[in-house]
Amino acid sequence: MKRLSEKMREIAAPLIAVGVIAVAWEVAVIATGVSPLLLPRPTAIGQTMWMNSEMLLSATVQTAIAALSGFAIATTLGIIGGSVIAAVPVLRRSIYPLATIVQMVPLVAVAPLFVIWLGFGLPTAIAASAVVAVFPVLAATIDGLRSVDHGLREIFALAGASTWTRWRKLDLPASIPAIMTGLRIAAGLSVIGAIVGEFVSGYGGAHAPLGIVVMTAMREARTDLVFGAVALSAIVGFVLFGVVSIVGWLLVNRWHASGQSEMEIRR
Amino acid sequence: DKPSSPGASGAAALVSIQVQLNWVPEPEFGGMYAALQDGLYSQAGMNVELIKGGGQVPCAQLVASGRVPFALVSAEEVLTMRARGGSIVGVFATFQENPMAFLLHEANPINTLEQLWRSNSMVGVNVGLPYVTILNEKYSGAGLKLVPYSGGLATFLVTPDSAQQCFIASEPVECKVRGVPVKIISMAEVFNPYAAVVATNEAFLKQNPAVVEAFVQATQEGWRRYLATPQKYNPAIVALNPSMSLEAMNIAAEIERSSIEPAAGKGFIGEMTAARWEALGKQLVACKVIDVCPPVNEAFVAPRAPAPSPAPAPTSTP
Amino acid sequence: MSDKPAVVCEGLSCTLPSGVQALRDVSFRLQAGGLTAIIGPSGCGKTTLLRIAAGLARATSGRIQFLRRDGSADPIRAGHLAVCFQDARLLPWRKVVDNVALPLELAGVGRRERVARAEAVIHAAGLDGAQSRLPAQLSGGMRMRVALARALVTDPTVLLLDEPCSSVDEFTRMQLDEEILRVWQDSGATTMLVTHSVSEAVFLADEIVIMRRARVHSIHRVALDRASRDRTSHAFSQEVELVMRSLAVAAGVVVP
Amino acid sequence: MKRLSEKMREIAAPLIAVGVIAVAWEVAVIATGVSPLLLPRPTAIGQTMWMNSEMLLSATVQTAIAALSGFAIATTLGIIGGSVIAAVPVLRRSIYPLATIVQMVPLVAVAPLFVIWLGFGLPTAIAASAVVAVFPVLAATIDGLRSVDHGLREIFALAGASTWTRWRKLDLPASIPAIMTGLRIAAGLSVIGAIVGEFVSGYGGAHAPLGIVVMTAMREARTDLVFGAVALSAIVGFVLFGVVSIVGWLLVNRWHASGQSEMEIRR
Amino acid sequence: MSDKPAVVCEGLSCTLPSGVQALRDVSFRLQAGGLTAIIGPSGCGKTTLLRIAAGLARATSGRIQFLRRDGSADPIRAGHLAVCFQDARLLPWRKVVDNVALPLELAGVGRRERVARAEAVIHAAGLDGAQSRLPAQLSGGMRMRVALARALVTDPTVLLLDEPCSSVDEFTRMQLDEEILRVWQDSGATTMLVTHSVSEAVFLADEIVIMRRARVHSIHRVALDRASRDRTSHAFSQEVELVMRSLAVAAGVVVP
């Protein structure tokens, strides 16, 4: 429990860093006199966010729903797909390299297909989010599964465990640290995926999601609002990242090197 | 349920119609919101949903594929899609004059397209639009620094001697609201397609000619009302898009009026002529966007002139 | 016990991918239900032999067969061949009891029964009190004992043990030897025990295969009655001395 | 050597997969009658690519240069930054979560800054590519370094090795499998980053890069050209992915589980 | 040899994070330049003690000191304390020779010299021909020998060995014992040897610390002259017997 509370304290660290960066940024902007149209001061951004808090809140909620759903889909597909690909050598050789394509397609280029197949607004934003986030999970899962100690696999082979059983009881648990890396990367990507998805899909509900807010604010040169919206999308990403990190830590801290604190020579 | 003859059964079953907009709710769609607000569409037997767009929404593909019955596109999109086999048809042209223009700071000595294109200014333009090719051919913009228009105004505002493409009812309004003195140079003299064209697809048109007609007429009437008193309708649009102020919307409505309203005594709202489509087709072929111009008479259905008296849209077809 | 197979190796050779010839023409027989010890210098091929017997490596030539009493081939069912490897190979995220119970779990034994059976072997391995620790919280010797317990918890027909007691003290080793003996006697499993301790081999085995540089150097039948295998007896010491001499030759040591 | 040639043969596998997918795609398009404006047939795409081969080739070269440069920068920064962050716990707690932000910023929103600081064309495309690709490398490096066996670290601590020495001789080699996962993910991202960078940074010289080709072709509803350009960007990504995979394999196949072939019970 | 420190443990206790008390009030002294063996049942705290001596773990109470002849504290320079751990801990991507040469490399010894020195210990460890193999291509016993060679290759002032010979046969073990003896005599390092083999302890050590359940059970001074430590002699057997009895008590075995 003590260690969990320590983990909680870690949440404070980035907040302090944010504060430090914000102050430095404020000072730098004032000192260099860069136009607020290009780089607004954090205080100005804060003010704008405060004044538009209601609109931004609803936008954030919508984008968060898209990003979270996309992340969930990417996680599920990435882990399942990665496991299948890792288990079947011919797939690993043929499909795995091709899977890179899913993250390389410029979303705007395939937007028509997405929108036509999935409809406007949320579904397309979710799909865009999932498409952008799935490959890191897939790649990390595959590489994690392929790194499972052969010695441990032999234990399962001797017991006549099925591939499915071995996956549940050995491969997956042993790959969790690697998969967590993939999920950490996917956390941020799912947010940007949702935002780009919103660019191309418009919005169904009454209120605009963050992607639309960014677009319109840019058109109107309300750079402080652009940065405010970006900051909110970043917060969605942080929270996702934080949740992934904490879940990962809870799962592996008791047995994996990454969960143990650093040793130092004492004499 | 398939849309069928509208208005025939009175208020019984409204035909559900979706319209994909190509931008967020703004005065450029004012007539449609006015028609919605005044119930013109429902009087015409339609339950219209205006789907808010996001700037990169593939409107032409959506309507060509039948995903939505109507979408807002540009005239050149109609011709290019048709040239590539898309079955898209323009049925109503919101802007009679090209609303795309170049935005310059007021102090900029440049005043004409020719001056601009022969200068060595930095000009933000959308990649892949035909007017760039046309201007290049015409004035050989050798010294010009063409940069991509990224959808924002920031670069322009901080660079006094730059120019960028704009939508007359959007960026100039924003500058006005901010108190930044700017001027615009229309590109209509070299490239003047219809803009904010309401398009449908051939199949829908063939199956539901009455619906299309009724929709066009209601839209036409909506625009008439909107242009008469935009202040009456803008608050509802602001509610849908709070990021643009009411003040800005009112200014925008005034600016766009001249491009939408027919000159006194000539034509009517939404009008389209084969000559204009032909001219556009030639230009597109000339700048190699398309190889041959598709037959323009199939590319659009000219809206009928409205009844002389400002009456509500026709509600009865026996 | 008649259902335990004999394991027959005939002319086994094995060249590893690195080009090392780990086995050359190795032939011997594990009697059905017998306990055979393999001893030999480090690197002489004992583990390779065990891996081939377990089906984890392929012989380059020669063959290994599992034969029933009637001479027919015995396709040992998965889970009926248990191995204790030279390294512990524990799942680091599982508690001791769950590591030991793993083969039972994989064989579909219910939770309650497998925990009970696991706790019994854990007790016999002298690991009382460590049931709910993770492998990382054990000493090296304890980890190996967990691995041994995991091999003994099943009811195997063939049992392959690779130096299971090398990292424990002599008294714990004797205790483990008793446990191996008990499991072997109870199950009647055809057992192969790789060991470095000659006295352990003499105490436990029917036959001792002495290996040298990838070959079988000699096979020694332990002349002592099982009942009279008392480590303190003179006969036992003599037997140990005898095997030790063979091993010394195998190890290339000049015997005085 | 035999195993390396096997590895080379693996390159054939995705090509075969591409062929299979292309045929399936062709058949599906013909069967469903989906409009070529949405989803052109592979043969049509191939034809268009052939007809525009010169233009596409030069576009591909330009984009490849941007992507490769961005990838190289991302690799360098990601490994160095990740190593520093992993070595300093306070940074890991404060900066690492914030680093997610670099991959979450909608590039279009910060394009004006990029363009002002770096200018139009190649430099911005490279920067965009690096920005998008750096986080996976960073995250994978950090997670890899933190998973290094503590037992091995003790060997170095006892010998009084400096952090720098330990990094070179232990941490980095031990983390190579993890870093390779990050690089595999970054390979694809660097390509999409370059293309999005080209969307916002433009023409860059006489010939347009793939990003501009995609944009132009989209506006002209030349869907087959869009897909052709996307296919070429995918090829750039594949090649990068392939090179990363082969280099990774050469580095670790002799000692890491992922390089060993799968064991199976033989009896 | 006067520069080798004595290692003095006073009242060491160590409670591990899991709550296990691995050491309770352990006091003893490694004589400067002496060779002390630690024996005791598996899990009694030997490795923990060695880790504390190496500075890799912290005692909960009590202290451990490195003292010069004149009584002043000796801050042992990094690299002058060598450890052979119970597990081999080899870098899997390095060849045997480069693994063995690692401590020299880290100490800045030039390539040619360190390879020469590494090859000498590799030879002494009976690993000729395996120089350029990777750890994965070695047998378990060979891997441990590489780890031992790595500890012996430096010229340490303090040498801590944790069961270095547990996974090799008795003859290889004797050969390794000779090598340990040689290195110890050449370097005069203050040496602590954890072992499970009583005869090894008697053969090598000046003193034998027998541990029991986290405590020092007894300390046995080996009464034999170094010159007359012949494993086949009666005196040697008697000494082994003596220690064995203490160990039996420590292991909780009822001695007949």
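Here the chain labels run A, B, C, D and E in written order, and each chain numbers its own residues starting at 1.
Convention: contacts are C-beta pairs under 8 Å (C-beta built on N, C-alpha and C of every residue); 3 or more make two chains touch, one makes a residue touch a chain.
Quick caveat, the model's predicted, so the values are computed rather than measured.
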item	value
Touching chain A and also chain E, the following chains	C, D
Greatest separation from chain E - chain, by CA centre	B
D-E or A-B, whichever has more C-beta pairs in contact	A-B
Chain B and chain E: spacing of chain centres that average the CA atoms, whole Å	86
Cα-centroid distance, chain C relative to chain D, in whole angstrom	49
Interchain centroid distance [CA atoms averaged], chain A/chain B, Å	38
Distance between chain centroids, defined by C-alpha means - chain B, chain D (Å)	40
Per-residue multi-chain contacts in chain D, two or more chains	37-38, 108, 112, 116, 149, 154, 157-158, 199, 218, 256, 263, 265
Multi-chain contact residues (two or more partners), chain E	55-56, 78, 87
Numbers and ranges of chain B residues touching at least 2 other chains	61, 65, 150-152, 154, 158
Chain C partner contacts - residues on chain E that touch it in the complex	16, 18, 20, 39-43, 46-47, 86-87, 126, 133, 137-142, 145, 162-163, 166-174, 196-198, 232, 244, 247-248, 251, 253, 256
Sites on chain A touched by chain C in the complex	149, 151-152, 154-161, 165, 169-170, 173-174, 252, 254-256
Partner chain A, residues of chain C touching it in the complex	54-56, 77-79, 81-83, 85, 87, 89, 91-93, 102-103, 105-107, 134-136
For the chain D and chain A complex, residues of the former touching the latter	10, 13-14, 16-18, 21, 37-39, 89-90, 93-95, 97-98, 100-101, 103-106, 108-110, 112-113, 116, 135-136, 139-140, 143-144, 146-150, 153-154, 157-158, 177-178, 180-182, 184-185, 187-189, 191-192, 195-196, 199, 211, 214, 218, 226-227, 229-230, 233-234, 237-238, 241-242, 245, 256-258, 260, 262-265
Complex interface listing, chain B residues touching chain D	60-61, 64-65, 77, 80-81, 84-86, 126-129, 145-148, 150-152, 154-155, 158, 289-290
